[in-house]
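After this come two complexes, each holding subunit A, first together with subunit B and then together with subunit C.
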Partner chain A sequence: MDVRAQVSVVFHLDKCIGCHTCSIACKNVWTDRKGAEYMWWNNVETKPGTGYPTAWENQEDYKGGWVKKGNSIELKGAGKLRAFKNIFHNPNLPTIDDYYEPWTYRYEDLFNSPEGDTQPVARPVSLLTGKFMEIKAGPNWDDDLSGSPDYARKDPNFKNLSQAEQEALFQVEKLVMFYLPRICNHCLNPACLAACPSGAIYKRGEDGVVLINQKKCRAWRMCVTACPYKKTYYNWSTGKSEKCILCYPRLETGQAPACMHSCVGRIRYLGMMLYDADLIHQFASADESKLLDLSREIILDPRDPKVIEEARKNGIHDSVIEYAQRSPVYRFVKEWGLALPLHPEYRTLPMLFYVPPLLPIMGMSEEGVYESLTEGLFTDIEQARLPIQYLASLFTAGNEGQIREVLKKMMAVRLYRREETVGDLGAEAVQKALKETGTSREQAEAIYRLTSLANFEERFVIPPSHREEAIVMLDTEFEKKGTGGFGFRMAVGRGL
Partner chain B sequence: MKAETWKEIKHCQNINRWVSLLFGAALLGTLLYAAALHAAFDAAEYYEKKCSSCHTVGGGDDVGPDLKGVGERRSEDWLIKMIQSSQSMISAGDPVATQLFEKFKRKKMPDHDLSPDEVKQLLAFIQQGGPVEKPIDDKPATAATPQDIQLGQELFLGSRPLANGGPACISCHSVGSLGPLGGGSLALDLTQVYSRYEDAGLSKALRKTGFNIMREIYVPRPLTGEEAFALKAFLFQADRQGQESTGFQKKFVFLGVGGCVLFLGLMDLSWRKRRKKTAKPSHGGLS
Partner chain C sequence: MKNYLLFVVFPYVAIALEVVVSLWRYIFRRHEFTSLSSEFLESKKLFWGSVPWHYGILAVLLGHLIGLLFPREVLLWNSVPIRLLILEVTGLTFGLMALVGIVLLIARRISDPRIRQVTSKVDVLVLAVLLVQVASGVAVAIGYRWGSSWYASALVPYLRGLFTFNPNVEFIAGMPTLVKVHVFTAFLIVAILPFTRLIHFLVVPVSYLWRSYQIVVWNYDRKKIRRASN
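Let's turn to the complex of A and B:
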């Protein structure tokens, strides 16, 4: 057992309102720079939809992630030999058109224009060419556009849905959508890291944050191809690739990452988890049907004395173990089994988990007409407007049963709360629902509290970063002594 | 500004003045030294380097005329002008110069960057009888056997190395229809060199070359008499066959263009599975 610590995240999709505040917070802090204009380390997508970059889930096109080969795995698009062959011309890269041409507006024209008969307008200016441009696409161009022929209908997750099922989904009365916020998953088995020919990408020992060393990066861009989530970006100005850093400078000072801190819907949870690094290769190479279970199994119980002992042996600080025990992520993922990884079939063992949306369960239509007046306000999960198969394609590598399990549990908690507050369902029905999903009343209450009432400290359980211990891994602490604090980044010139 | 600061600036200016003076002196010294070097003109050495490959003093006409008694034949003034720039004499229409030019098969004598004084020293050297000539008594090429010609070809191509380690001729020269791409194109095509230089001249050019670049290369690593004869025999045969190498420069261009097209085609083929278009519907992607 090789116990390591990982900062993990849960996004509760039922609570996401698609306001993009997270994206803006991230943009303002990290990617409002030359060469980074088109990057959205955090983005929010409408699903069904094609997302950003367009159709990123279509790995036949982008060749991201891992594929199983025998008892092991290999990179789909950028393995050692293939990367070497293509090192001067990486053939599967997304183009700027797959992202979008970033732009700004000539705001000063609104103030400086001479008086005239018409209102001045701020014309859009390309951030790539500096010329006036006609905006044709953006990073969330299909926002709220479920059913649009250009976007929603081309969602790669429809591959398992029949044409009739797809058509049914796009009838006006049945249109359905939800939001999918995405950041780097800080995977346990990162494809970007494996693909880098320069060895510039690394996973921080102390908390598992995946970072790109800007000094070592040589712009081969194999990581851009390899990441199936398309969450590494090439900065055309610096000639280096960049990605979400999980706001590690904020984490180190006990603050939540900017996207999570600013989240209006409070959908984001962050906490420490312990996992067994010895199992990564074996689990990532497992059969597709087992991937979801294994990606949960690799996470260890932080209360297990044996795990604690092994963690200590690996130099994990007691405070980190203690914070891992209080991690809200651990509860969602392991204890309650409500949070699922996005596309586990990419085999990167992502450490960002999603509680799937239960939202469109209401208002089932009967022959195209809404039935909102019946006593049964909640219809059956099976008849949800969003096909189970669609969610399964996103979160469980196609296993509908596992999605159903999660939705039923969430449903049971709703029924439980309805009985608590309204009291019209009858204790028996609630008991039945809870029992069916193996949920105790206490658990249902806890799920409800963490979902709906959790405050800042409960959502973000950030352990002390113990930078001193991280430094000791590479250096002696005495060398660092007296080298911190304020000062000049460059030598100050003086004299002649 | 404080008085001390001013003083400091003043001080710096003084330092600057001294530094520039020192540099000036150093520069002047270098120039004087260079001038002194230039002044030491050695007529014998100059003759050996620049004149001897085409002229003799009393050895009969070669590529250019025999220089014995040239001081009596021509006026000193004429000689200075002729040596400094023969071509401008010819284009100016000097009858003697033109006549000589025609007589010696319109071979241009290179210009010599010499002062009148240096030319006089050179003339004095010739007047005294010039260098001690070692006659080159190579057999004429007509006496060559097919084995000699074969050896010459091997030496020219470099398949047999030169005894003293000189580079093979083909590195810079081409001759006849040798090989698919001919030889080097840095120096002249040698197909008709035998006609141009004739037997004795070619022997001399091979044994005791007068061309600057060749001198740099072959004076430390001279050809042996046998090698020179074999090469002459080979060049003689090339001249007799008279096949000018047929535009290998053009071949290079075609090969370049063809190779480029082939290479790009191969690239297109090997990356045929690359992403060819964007997925963005607004830019014509996603079908």
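Let's turn to the complex of A and C:
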């Protein structure tokens, strides 16, 4: 057992209102620079929809992630031999048109235009070429456009839905959508890292954050191809790839990442988890049907004495273990089994988990008549407006049963709360729903509290980063005594 | 005297620049070591330029290197006319590939407004010098037959003299101007290489072939701690 710590995240999609505040917070802090304008380390997509970059889930085009080969795995569109074969031209690299051409407006024209018969306008100017341009796409161009022929219908997740089911979704009365916020998953088996010819990408041992060393990156761009979530971005101006850094400077000082801190719907939870690194390769190479279970199984119980002992052997600080025990992510993912990884079939073992949306609760439309009085309005998952198969394609590699399990549990909690506050369902019905999903009343209460009432400290359980002890472990502290603290390259001395 | 400056002094200056500046840049400004790829902005035209250019120029460079290291063997190979013809046609093919590639790359730089945004003055210099070098090489190959033989017997002694610190300018003094241009531009490329995007040539990521797929960096000495606790 090789116990390591991973800072991981849960997004509760039922609570996401699609306001993009997270994206703006991230953009203002990290990507408001030349060459990074088009990057959205955090973006929010409308589902069904094509997302950003356009149709990124279509791996037949983008060739991201890992594929199973025998008892092992290999990168779909990158890898050791392919890196050299494609080093002069990478056929699997998306271009900026797959994202969008970034632009600004000539605001100064509003003030400087000469007097005339017409109002001056601020024309859009390309941030690539500096020339006037016609805006054809943007970072959230399909926002709220569910049912639209250009976007929703091209969603790759429809592949397992019958034609009739698809058509039903596109009728105005039955239109349905939810929001999917995405950041880097800081995977346990990152494809971007494996694809980097320079070895510039690395996973931090102490907390599992995946970073790109800007000094080592040589612009071979294989990470952009390899990441199935398209969360590494190439900066066309600096010639370096960049990605979400999970705001590690904030984490190290005990603050939540900017996107999570600013989240209006309070959908985001962050905490430490312990996992067994010895199992990564074996689990990532498993059959597709087992991937979801295994990506939960790799996470260890932080209260297990054996796990604690092994964690200490690896130098994981007691406070990290303690914070892992209090992690809200562990509760959502392991204890309650409510949070699922996005596209586990990409085999990267993502460490960002989603509680699937129970909303919108369904109101059936029979022969064009919208009807919201059925008995099953609040209870019937099978009649959900969003086909179970669609959610399964996102979160369980196509397994409808696992999605149903999660939704039923969420529904049981909802019934439990309705009984508490309204009291019209009858204790028996609630007991039945809870029993069916294996949920105790205490657990239902805990799920409700963490979902609806959790305050800042409960949502973000960030352990101290102990950098001071890390230095002691690498050097003897006496070597640092009496130095200026600027490192060995810039010794502090008397000026010239 | 002019020959001595151009073909003895200048090559040494070029090589010195190459070594010193590359090392300086690698140690102090390592983030500048990048291929500065522009494929993200324009992919299709790049394919038709970059692929023939790189394969062509690498094969041609390899040919020059083989001639430099094994001149006797090359001459021996060329002693049978059909073998000479095979070698010359192969070399010329790769040379033409490189020429077509560089011309397409230059056309791409000029014509695409996005690519012009990421084109610096140094990039223009690099492309111009490379064009001169490849065009003069192809012209020499066509105009002064058979290059592979007289290169091995007449030019290699000059180059070997340079590398063994026993330079002899006589070997090059009588060469046609076109050949002189080709040799001089070669050292010019060596000289400007560390100042330009050509440095990506020095950091070909071969170590990727044997490194493990995943990399974990610890901010503490994990091995020491594991050893202590076992």
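The working rule: the second predicted complex is superposed on the first by the 458 of 496 C-alpha atoms of A that agree within 3 Å, B and C clash if a C-alpha of one lies under 4 Å from a C-alpha of the other, contacts with A are read in each partner's own complex, and residues count from 1 in each chain.
Simple rule for what comes next: a residue touches a chain if its C-beta (ideal position, glycine included) is under 8 Å from a C-beta of that chain, and two chains touch if they have at least 3 such contacts.
Note that the structure is a prediction, hence the values are computed from the model and not measured.
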Exercise. Give one of first, second, both or neither to describe whether A:Gly239 is in contact with subunit B, with subunit C, with both, or with none.
Key: second
Quiz item: After superposition on the shared chain, which partner residues are touched by A:Asn189: those of subunit B (first), subunit C (second), both, or neither?
Solution: second
Practice problem: Applying the touch criterion given at the start, work out whether A:Asn314 contacts subunit B, subunit C, both or neither, answering first, second, both or neither. | Solution: second
Quiz item: Who touches more of subunit A, subunit B or subunit C?
Solution: C
Quiz item: Looking at the overlay, does A:Ser452 come into contact with subunit B only (first), subunit C only (second), both, or neither?
Solution: neither
Exercise. Please indicate which partner A:Leu93 is in contact with in the superposed arrangement: first for subunit B, second for subunit C, both, or neither.
Key: both
Self-check item: First, second, both or neither for A:Leu128, with subunit B first and subunit C second
Solution: second
Quiz item: Touch check for A:Gln214: first (subunit B), second (subunit C), both, or neither?
Solution: second
Quiz prompt | Partner chain(s) touched by A:Lys154 [first = subunit B, second = subunit C, both, neither] | solution = first
Quiz item: With the two structures laid over each other on chain A, which partner does A:Pro53 touch: subunit B (first), subunit C (second), both, or neither?
Solution: first
Quiz item: Which subunit A residues lie in the overlap of the subunit B contact set and the subunit C contact set?
Solution: 89, 91, 93-95
Quiz prompt | Residues of subunit C defined as touching subunit A within the complex | solution = 30-31, 33-43, 46-47, 50-51, 53-55, 113-114, 116-118, 200, 203, 205, 207-209, 211, 213-222, 224-226, 229-230
Practice problem: Could you please specify the touching residues of subunit B with respect to subunit A in the complex? | Solution: 12, 267, 271, 273-275, 278-283, 285-286
Quiz item: Can you name the residues of subunit A that touch subunit C in the complex?
Solution: 80, 83-84, 87-91, 93-96, 128-131, 189-190, 193-194, 196-199, 201-206, 214-221, 224, 234, 236-237, 239-240, 280, 312-315, 467, 469-470, 473-474
Self-check item: subunit B-facing residues of subunit A, complex
Solution: 50, 53-55, 58, 61-62, 86, 89, 91-95, 97-98, 100, 136-137, 141, 150-151, 154, 496
